[in-house]
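Following are the structures in question.
One chain, chain A, appears in both complexes that follow, with chain B as partner in the first and chain C in the second.
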Partner chain A sequence: MKIKDDNYMKWFRLIAFVVILLTTLVCLFPFLLIISASFTQNESIIKDGYNLIPTVFSLEGYQTVFRFPKQVLQAYGVTTIVTIIGTTLGLFFMTMAGYVLQRKDFKYRNFFSFMIYFTTLFGGGLVPWYIMMTKYLKLTDTLTVLIFPGLMTPFLIILMKNFIRSAVPDEVIESAKIDGANDFTIYSRIVLQLSMPGIATVGLFLALQYWNDWFTSSLFINDPSKYQLQYYLYNVINAMSFIAQMGAGTGVSIGDMPTESTKMAMSVVVTGPILFLYPFVQRYFVKGLTIGAVKG
Partner chain B sequence: MRLTINTIGYNLVFILFGNVLAIALAVLLSELKSKWFKKLTQSIMFLPYFVSFVVLSVIVYNVFNYESGFLNTTLTKLGAEPMDVYNTPWIWIFLIIVFYLWKNLGYSMVIYLASITGISEEYYEAAKIDGANIFQRIWYITVPMLKTTFIMLLLFALGTIMKGQFDLFYQLIGNNGMLYNTTDILDTYVYRSLKVTFDIGMSTAAGLYQSLFGFILIMTVNSIIKKINDEYALF
Partner chain C sequence: MKKSAVKAVSALLSVFLFITVLAACSSNGNNAPANATKAPTNATNAPETEGATNEGGGTKLGIDISKPVELQFYMLGDAPKDLDFIQAEINKMAKEDLNATVNFNYTTWTDWDQKYKLLLGSGQQVDLIFTAEWTQYQSYAKKGAFQPLDELLPVAAPKLNEFVPADMWEAVKIDGQIYTVPATYKEYVTNGFVWREDLREKYNLPKPVDIETFEQYLEGIKKNEPNMTPLSMNSDVKTNLMDVFTSIAHKPIGALPYGVGVDYETPGEVYSYWGSDEHKEDLITMKRWQDNGYMVKNVLAVKDTLQDQITSGKAAAILGDNPTRYNDTVINLQAAHPDWKLGYYPYPLTNGIATPVHPIHNGYAIPVSSKNAERALAFYEKMVTDERYNLLTQYGVEGKNYEVVDGYYSLIGDANSNGFPREAMNGWAWRNPDFMLFDKNYDGVKAIFDELDKIQVPDKFTGFAEDYTSYQAEKAALEQVEKQYLYPLNAGLVKDVEEGLNTFMEKAKQAGLEKIQEEYKQQWLQYVQEQGIQ
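After this line comes the complex of A and B, so read on.
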């Protein structure tokens, strides 16, 4: 039976429509601003300021970014390698941890679960961690230091645990055991197959975390050839502001250095891959989050 | 002490506004009919979550820069005085909150939207037959049904209330001493002591204080929750 909508309903829908539309525009606005600025001529930015539509169209920002392609590509390379290795290794460790922690016949699972959770509650803070990494593990200026800290994220382990618990029924594991499968076969042939959406979600979280990381570089990396992309961008921004200030302070024209549009072009280049992949991965993300977070 | 208050204060505001707005948007979005419009807007709102904080600082600079920022360009065009945002501490309180919301709203909205989708259609039909209008249906069915999700997110957020959003604050404020009074939090202070002023003793002490105080806070909150309702307790 179809019940007729009441009078309020129409108005409510209209208001909801308008509010959602406005919020969406607000969310989209900064992206448009940056993309437009990256295509604007630098002089025009300095003269007229930033606008939503480029006043004078030009590609000089992108040209400057790729004038020295080696550095940009190197940073790209570092970030890509770190993201791929980190995500793969991290997924391996975290699915293992999640699987073991949800097995009911593992006697100390509550103890270990609590220990993992406890690290999010209480820890030494930044400095002991820093000393540990530099003094004892001697990881300064290595790619390992960029990968290592993200491998076991407590939040993601808990998410994974909840996910495996809801995706893999105990009976399945029991019957596989009766059929003679050992624990590792169960893990690789059953658990991994059944919890694919969860693995996709955790994997995306991890990849995003590695891709957007600038903090680890800023702490442990002194060698510019090992900068991550985000930290490279951060340095470019600072260098550009410095150049602009110098130019303004001494009165010397820095004419051929399009600082503003370069910054914007660089941001677009850095964010590009994510925005490009986004439509493909977003579906899994929403799905996995829903199952892992709400039902867990 | 000021640092502690800043850290906790910002986090409380983040939790409150973040959740209330996310619930409101999720409710509005769930009532819309057009499927492709829903999908599209939801995707766009989720988009900022994927942007790094470094790029966020570029965006902020782009909009609020004194000479050529979008805000001042627009203000001058309208004939108003340009604003010197980077030297006005109080504005940053709002800016930080706004950009936090911009970045995280989509994420929490998706979680709430998922639990709204999980509510059985039958409740709404029964309410419609009884003559409840749309506002009554939202207030008496949807909102109570979201309570569990809300409490779960709230508790997780309370657990990290002493940990500030380091990336957000550091990238937006940087080493701009003008703004420390209103925008310095424990995390940025610890980082600055370590990397900028090299006061390692101070940095360690502040870090340990943060950890310990946060830990005591969580234990207290958890034991209170346990007394009120055992089911919701964290551990």
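After this line comes the complex of A and C, so read on.
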């Protein structure tokens, strides 16, 4: 019986490992292709297509991305600041909102939950939003405009609320109250500690959202020194293809732009840093996925 | 009772706290960056303090300039690096001449069309904005997005009013009124064959002057250079292949939508090009090109630009490209492969249709949201007719950004180190032929333009403003059908052309092709009649 079990497990493990290994390779393959293409000469990409090992090695893609190193670094700075401040503030607000909304003694919790939920279904649309930001709040060309819209994402609030509800039993809150803790102490000392997996998940979502954002820059930022990284790079590509399309050149050539390799180099530059976030958050992430299951 | 009241109060309080924290955060954030922005905010403050000292500066003007204003100037594209400096210089002069300062804003090329819509639709202050047929000038003007300039022009900008020829003012009129100031520089964006001259010489192939000789050239390349694709093409087989092909194979008045056909010689006669024998024959030619291997099989998946395919040596010819872009390709090629050569033959020399760009192609309008229309127009006059303004905004600072060598423009340093390359502010609209400086490389384009000048004929098509409100739904449906059924035909990928064409026509008719064509025809004929086009 025991031997059989062991044998069975061995085979199971072996097959599982092989399957996972293959899947990993499949997932990794496009990324390797991007990295390889970013080091390939543009001409060679157009002529020979993509290869796992660069046919003609060249750094021209990266040279184009870092053509104006000051601007790229500035954009990096803006994105980093926005991501850090936005995620910190956003987490603070959303955990508070989630905590309050799941407290059973908060009489209007359903009303407020509904109001938050309502905005995900019905919104004013782009133009009113634009007018609100530019005309009434006058947030054009400020860092605030990059942070502000993401602070209270309805979906993440609802997620947070449910996390807290499942992670923190009412009884704990009640007993804390009996011990003399006030609402804020309960929030900071108990709720926050117990819902770490939830916070990690929401934090990751939020950080990704801020990191990948380019649309707000595109709408509200005119000053190139406040462009977010994604927008700055996206814009480089757009300008390149537009100039090529328009034939607006007037004799002074901007040089043959290595479009393909630049795109790839950009992807590498952009995804690199955020990739490092995953290992740190991952262990909470796994816990977060199982927490509901254990409770049943 | 009491307990729940306390609870309600504390709940309310926490809500307040929440709101104040939010508010505080937003106002704090507001202050910090405001200090950080250098030029624009300073510019707003300056006129208020200095305004009083500068009265009656421009007595010649027919407009009231006693109050200082700040103009919001909008252009598409990216701002050049040295813009702050140029703006400060311009503001010094504008302050003196017009008691105005200007803020140059750029939309960047990312989602510029959406931003353009928002700028005109949101009611924020915009005093001057770029217009062109590809920014939908005609339909915006029709919808009333711009202020009519007829009465303003003689008052606020008399010099500009005279500078622009009367026929150009006439040409940009929409419903009888002027809404934009057109650019007066004449250029051609007509197409022409582009081919590898070195290969043509090597294999002794005919010089492409029409479709027949072009096809012989492609065939020669296919035979002698098996590793090359003869024709450079990409997935946009509508604009890059069919529109160009018909413009040399036949004599259409322009790239008409919805398969409507109008000959240049007979603007009053409208027929359906789609489904006609002419159309079928063209598609059979496309199929032949595809079958003979002149185009790659997966052409509908190719995203590279036509020019990139030439400079990388992948392809050997472009069906049609305009003189300026051809010139750019030549310059790029010289840098990468000095031993390769390109040849060019403009279509107009074959078909006689040498149309300079329509005045609508580059212009500046004053949106309705502007409160300083007079000053804006007066400032724009300065940009065009005053050499100091014009040279500064087109070429930057002489000695720092550029120098003039033997009458030619010469960039100092290269495009990466120079903060203001030629026409870096995208000032296509305020080009003034009297002050324009050209790079030596541009001589090739000028030579082509000179040749085309001799056989110049007017553009009869671009002034037409289509109003598709009555068939918007059909239009969207038809575009879908076109992509699905016509593109493969264009690329020569359908085995049986006749059957494929029949299927396409059937689907197009279901989508409402006949209604669209009928409406379009009516609008077009009305336009032809009103403008007296023959």
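Convention: the second predicted complex is superposed on the first by the 220 of 296 C-alpha atoms of A that agree within 3 Å, B and C clash if a C-alpha of one lies under 4 Å from a C-alpha of the other, contacts with A are read in each partner's own complex, and residues count from 1 in each chain.
Here is the rule we go by: contacts are C-beta pairs under 8 Å (C-beta built on N, C-alpha and C of every residue); 3 or more make two chains touch, one makes a residue touch a chain.
What you are looking at is a predicted structure, and each value in this text was computed from that prediction instead of being measured.
Using the contact criterion defined above for the overlaid structures, shared-chain residue A:239 touches chain C, although it does not reach chain B.
In the superposition on chain A, A:218 makes contact with both chain B and chain C. By the touch criterion defined above, A:105 reaches chain C but does not reach chain B.
Once the two complexes are overlaid on the shared chain, A:32 sits clear of chain B and of chain C alike. In the superposed model, A:183 lies in contact with chain C only, and not with chain B. After overlaying the two complexes on the shared chain, residue contacts for A:23 are found with chain B alone; chain C is out of touch.
Applying the stated contact rule after C-alpha superposition, one finds that A:130 touches each of chain B and chain C.
Of the two partner chains placed by the overlay, chain B and chain C both lie in contact with A:260. Judged by the touch definition given at the top, the superposed model places A:114 against chain B, while chain C stays out of reach. In the superposition on chain A, chain A positions 46, 126-127, 130, 214, 218-219, 231, 234, 260 are in contact with chain B in one complex as well as with chain C in the other. Listing the residues of chain C that touch chain A in their complex gives 4, 7-8, 10-11, 14, 18, 21-22, 25-26, 29-30, 32-34, 37, 40, 77-79, 81, 105-106, 108-111, 114-115, 118, 121-124, 189, 304-305, 307-309, 311-314, 321-322, 324-325, 327-328, 331-332, 335-336, 409, 411, 414-416, 421-423, 426, 428, 438-442, 445. On chain A, the positions that touch chain C within their shared complex are 42-44, 46-47, 67-68, 89, 93, 96-97, 100, 105-108, 126-127, 130-131, 134-135, 137-139, 141-144, 147-148, 151, 183, 214, 218-219, 222-224, 226, 231, 234-235, 238-239, 241-242, 244-245, 247-256, 259-260. Within the complex formed with chain B, the residues of chain A that make contact are 3, 6, 8-9, 12-13, 15-17, 19-21, 23-24, 26-28, 30-31, 33-34, 37, 45-46, 48-52, 114, 117, 120-128, 130, 208, 211-212, 214-215, 218-219, 230-231, 233-234, 237, 260, 263-264, 267, 270-271, 274-275, 278-279, 282, 285-286, 289-290, 293-294. On the chain B side of its complex with chain A, the touching residues are 25, 28-29, 31-33, 37, 40-48, 50-55, 57-59, 61-63, 65, 67-70, 72-73, 76, 102, 105-106, 110-111, 114-115, 118, 125, 128-129, 133-135, 149, 159-160, 166-167, 187, 190-191, 194-195, 200, 203-204, 206-208, 210-212, 214-215, 218, 235.
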